[in-house]
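Below: one structure in structure tokens.
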Amino acid sequence: MLKIDSLHVYYGGIHAVKGITIEIPRGKIVTLIGANGAGKSSTIRAIAGLVKHVQGHIAFTGRDGKETELTGKTPETMVKLGIAMSPEGRRILPHLTVEENLRLGAYIRTDEDGIVSDIDMVYSLFPRLRERSWQRGGTLSGGEQQMLAVGRALMSRPDLIMLDEPSLGLAPLLVKEVFDIIRQINSEGKTVLLVEQNAFAALKVADYAYILEVGNVVLEGTGEQLLSDSRVKAAYLGG
Amino acid sequence: MTTHAERPCALETQHLTIRFGGLTAVSDLNLAVPHGSIVGLIGPNGAGKTTAFNIITGFYRPTEGKVLFYGEDITGRLPHLVCKTGISRTFQNIRLFSNETVLQNVMIGCHVRQKSEWWMAPLMLPLFNREEKAIRERSYHLLESIGLLPYANEISNSLPYGAQRRLEIARALATEPRFLLLDEPAAGMNPQESLELMGFIRALRKEYDLTILLIEHDMKVVMGVCEYIWVLDYGVLIAEGGPQAIQSNPKVIEAYLGEEVTADA
Amino acid sequence: MSFNMFVQHLFNAITLGSLYGLVAIGYTMVYGILRLINFAHGDIFMLGAYFMFFGTVTFNLPWGIAAVIAVAASSVCGVFVDRIAFRPLRDAPRISALISAIGVSFLIENLSLVLFTGLPRQVIQPEWMVKIITIGEIRILPLAIVVPVIAFTLVLGLLWIVYRTKPGLAMRAISKDIETTRLMGVSVDKIIALAFGLGSALAAASGIMWALRYPQIHPFMGVFPGFKAFIAAVFGGIGSIQGAMIGGMLLGLIEIMIIAFFPSLSGYRDAFAFILLIVILLMKPTGLMGEKLEDKI
Amino acid sequence: MNPKIRNSILNILLVALLGGFLWWGERNLDGYQIQVLNLIAVNAILALSLNLIYGFTGMFSLGHAGFMAIGAYVSALLILSPAQKEMMWILEPVIWPFSVMQAPFLVSVIAGGLVAALIGLLIALPVLRLGGDYLGIATMGFAEIIRVVITNITPITNGSLGLKGIPDYAGLWWNYGWFLFTLYFIVRIVNSNFGNVFKAIRDDEIAAKNMGINTFRYRVISFSIGAFFAGVGGALMGSLITTIDPKMFSFLLTYNVLMIVVTGGLGSLTGSILGSVVITILLEWLRFVENPLTIGSFEIPGIPGMRMVVFSLLLIFIILFRREGIMGMKEWTWDGLFARFGKGGKTE
């Protein structure tokens, strides 16, 4: 569904991603894990079209089987093609209500009925958001904000949903909940690209994983393979 | 722990707490950094490490608690006065004076110890000229010792990334600090550069008689260079100890790798 | 001062204040999104008045139609200014955009000077608006009622757009977090253009009513109302539409009342707003309704 | 030869050359041309001072016209003779001690600068806590307040009538003398470590504080020095055109100076000088579009305002297409010149 071929990303003076190649098959959960500064976020920001200096190829194949090159495109193109992204740090708009945040996620859509029913769908996925639908985003707790961010990403009815550090700053119980949701979203037919620091939780849900270290893929394999690999721990704690 | 407490304390924080609105970014942080040591402050993203640096260097005023520097209470002292006291730092996202040359960056660091006044410049007072000359020479000397002399007249933002990090340290050294805070000095460096950085940090301590506190994500660097480590998570100190103890501390592993490791390990 | 006089001054103040408020809204919307002081905004105010003048005098259009056309034309001008002078500078240092804004302001003023000449023009006031009516002892111009009513209607319309429509939602989102809003598929440039368009429309409406109230127009008539409206926007809390309107009202009130109570200070009239500005900036830079913008270290 | 000595000799030669040119110009150029030369010098003083504030210290100040007004009024009050003053104040008589004050030109210009610097200092203390465009608006506000106050304190300033018949002492020698002094003073500061400190504040205020720089103090210093020279420029301007009134010191004047600085290059002193030459001549040359033009028997009427139209278009073009101006942040130096041409085409 999404093929990334020798991608390079430059940030200020930094060569953040140094030629990584990644493949995301339709219907799977793929995760990029690695310590801070490994280049995970830069990779998905490149897919979204948020960074300027990008080399390499990012090819997205939509539902209709047409392949589109994503490098050099804007985020709008990405959304229209059927990719949604929940950015790092959740980035809930604090002054908008929960419902408005969700509506913003559905910005490109014009089918009011569909939007209403999707909002309802998100609420049934996250009942706590329904209770808070008129509350401002900024008043939600961290976990609720994360749920809202995931829900917001679902609102554009994407085929591929990219989640940047959804467990960041969440208490362990909530982390578990977030990963359960990811599994559920996936089982409903959405492809998921997950960027995580929380390696073990990510590996447990992922079909396939790439471990990044200073801009390179150092290890890849299925979730189970990597879970039992001692090098994973080394990549984090310096052996 | 015993060797740790024997030397006099360079920097100490007591019950340091800061709240932004409802969020407690740093909560009851107690650090005691012995004179002459290299120590680390680590933790996952958003744990409050940089916030702690910002409090120590006077950019934030703590909600509660104290910062002591060689026994002197410097809590809430303005940043430029903190620098004068002898604490200098680098920044996570390099903050060089980007339009200035490498040499000028270091000379700016020398300013805090400069005795002459601005109005002496147009008067060409001999005292002033002598001091300017001395600053220039000292800056060249610093650049030489740090290996940046060939770049002296380059504009600082044209330097390679690693060199910019070193220049930031050189600039911090120009303020003649006794205590150096390094915020992710290895960020964006490859393993080879990180290795060199470790040697460099050790050499710095020796040559300039410094005490060094660093924040770092690259665990190879932290474990390789720090004698003692504090681990923050959600603004709370969850562990402290030597590198070995930290590496095998289940709480730390959990903070970094996620909770499920305890079941798997 | 007699009560009657006071009420008359009050009406004057509300008229003036709502005119400032309408202009202030444009500043606050653009600043809220781009952190840019659009110096050319006061000149859009002036253009509105001139378009109105040409509509009624040159083309003999009825008052209402001329006004609508003038508002629309000025709105287009506002969007055009953004397209030419600000959009190319989105990634540039903000100060560049500010200098560009000053340049555009001078360009519009001097181009108007060339095209419309520097002679002050007399605007035709519809008779019913300037026929003084007496309520009890109080003598007021119908204009002093019409202007605030129209102004408040326009503001309510704007609030409806901002709080009840999809582009309005995007506009509010952009003012806090451009990047995230882009991730939702919003075309930021279009929304910014919309903000310029709406702000300019309100400024033009204000210019038209200003010309009806003070019926002499000239190419530099927008300079001082522009400055003062910006001050009103800062006063109300930059980024807040309601704040801009309240700030405008208070500024109008302060100006009229100081002169009413201390006629000897009337020479300093133009200084009040600036003094107020400096006091606000020093006491409460976020204004009455604004939120704090934080620096990141 | 030691480059330092070489540069000093070359600088002296350059000044001598300038002196020679002025001596020649005084005898051979017509009044209008001399006036343009004078304006170049005064504009250069103003541009250098604004560049110190904005280009080197990063404070977006739009208050230059206010300081110029102070300089011009203080100096004019000192060089006008008591008899002239008694004649001029029609609405209200001029009050003591302004009625009897009189001083030589040099003293009056210095006084103009000092009063401007003092007011600048008083403004700086509260206003420089602000940053960015708020600072711009606040300084502009102060300039307007200064103008309104000058309009209203008739017993001192003759109100909106302004001052006429100011002695025209400010000839080529005075103007270029002050220009050279301004240049020397600012160059010495900018090239010292204090210049580096100013630039550090401009580039990154947080890092500057972290380097032990009392940023507020140095911002105030830079602002006051800038205000001093703006006052000097205003004083010379008053004596040069012999008539001043409050309207003259509107925002437009600040804008002209800003235009010169931006054209020359923010943070480049040689750029400011170059900008003064280019913009002053351009502005004079543009007058022709405003004057009636006769071609054969046709008379094309002048278009008032056209000059400023072209001028503002120019500013917009510069900002859109060459934001760094003529020189960027670079300086024209002897060393640079020798590096390029002196060593037989050895280029970098």
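Chains here go by letter, A, B, C and D, matching the order in which they are written, and residues are numbered from 1 within each.
The rule is simple: a contact is a pair of C-beta atoms (placed from the backbone, for glycine too) under 8 Å apart; a residue touches a chain by one contact, two chains touch by 3 or more.
The shown structure was predicted, so the numbers you read here are calculated from the model rather than taken from an experiment.
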Most widely separated chain from subunit C, with each centre as the mean of CA atoms: B
Pair with more cross-chain C-beta pairs in contact, given B-D and A-B: B-D
Where subunit A and subunit D are represented by their mean Cα positions, the distance between them in whole Å: 55
Averaged-CA centre spacing for the pair subunit D and subunit B, given as whole angstrom: 43
For subunit B paired with subunit C, centre-to-centre distance based on mean C-alpha positions, whole Å: 49
Distance between the centres, which are taken as Cα means, of subunit B and subunit A, whole angstrom: 33
Subunit A, residues touching no fewer than two other chains: none
Residue numbers of subunit B (touch at least two other chains): 59, 91
In subunit C, residues with contacts to at least two other chains: 297
List of subunit B residues in touch with subunit D within their complex: 57, 59, 78-81, 83-84, 88-89, 91, 95-100, 104, 107-112, 114, 118, 121-122, 124, 128, 132, 135, 171, 175
Subunit B residues touching subunit A - in the complex, by the definition given at the top: 44-46, 157, 159-161, 164, 184, 187-191, 217-224, 234, 247, 253-254, 256-261, 264
Touch list for subunit D against partner subunit C, complex: 60, 126-127, 129-130, 132-134, 136-138, 140-142, 144-145, 148-149, 151-152, 206, 251-252, 255, 258, 262, 303-306, 308-309, 311-313, 315-316, 319-320, 323
Interfacial residue positions of subunit D with respect to subunit B in the complex: 184-185, 188-189, 192-194, 196-197, 199-200, 202-204, 206-215, 218, 221, 267, 329
Complex contact set, residues of subunit C against subunit D: 35-37, 84-85, 88-89, 92, 94-96, 98-100, 102-104, 106-107, 109-111, 113-114, 117-118, 219, 223, 227, 230-231, 234, 267-268, 270-271, 274-275, 277-278, 281-282, 285, 295, 297
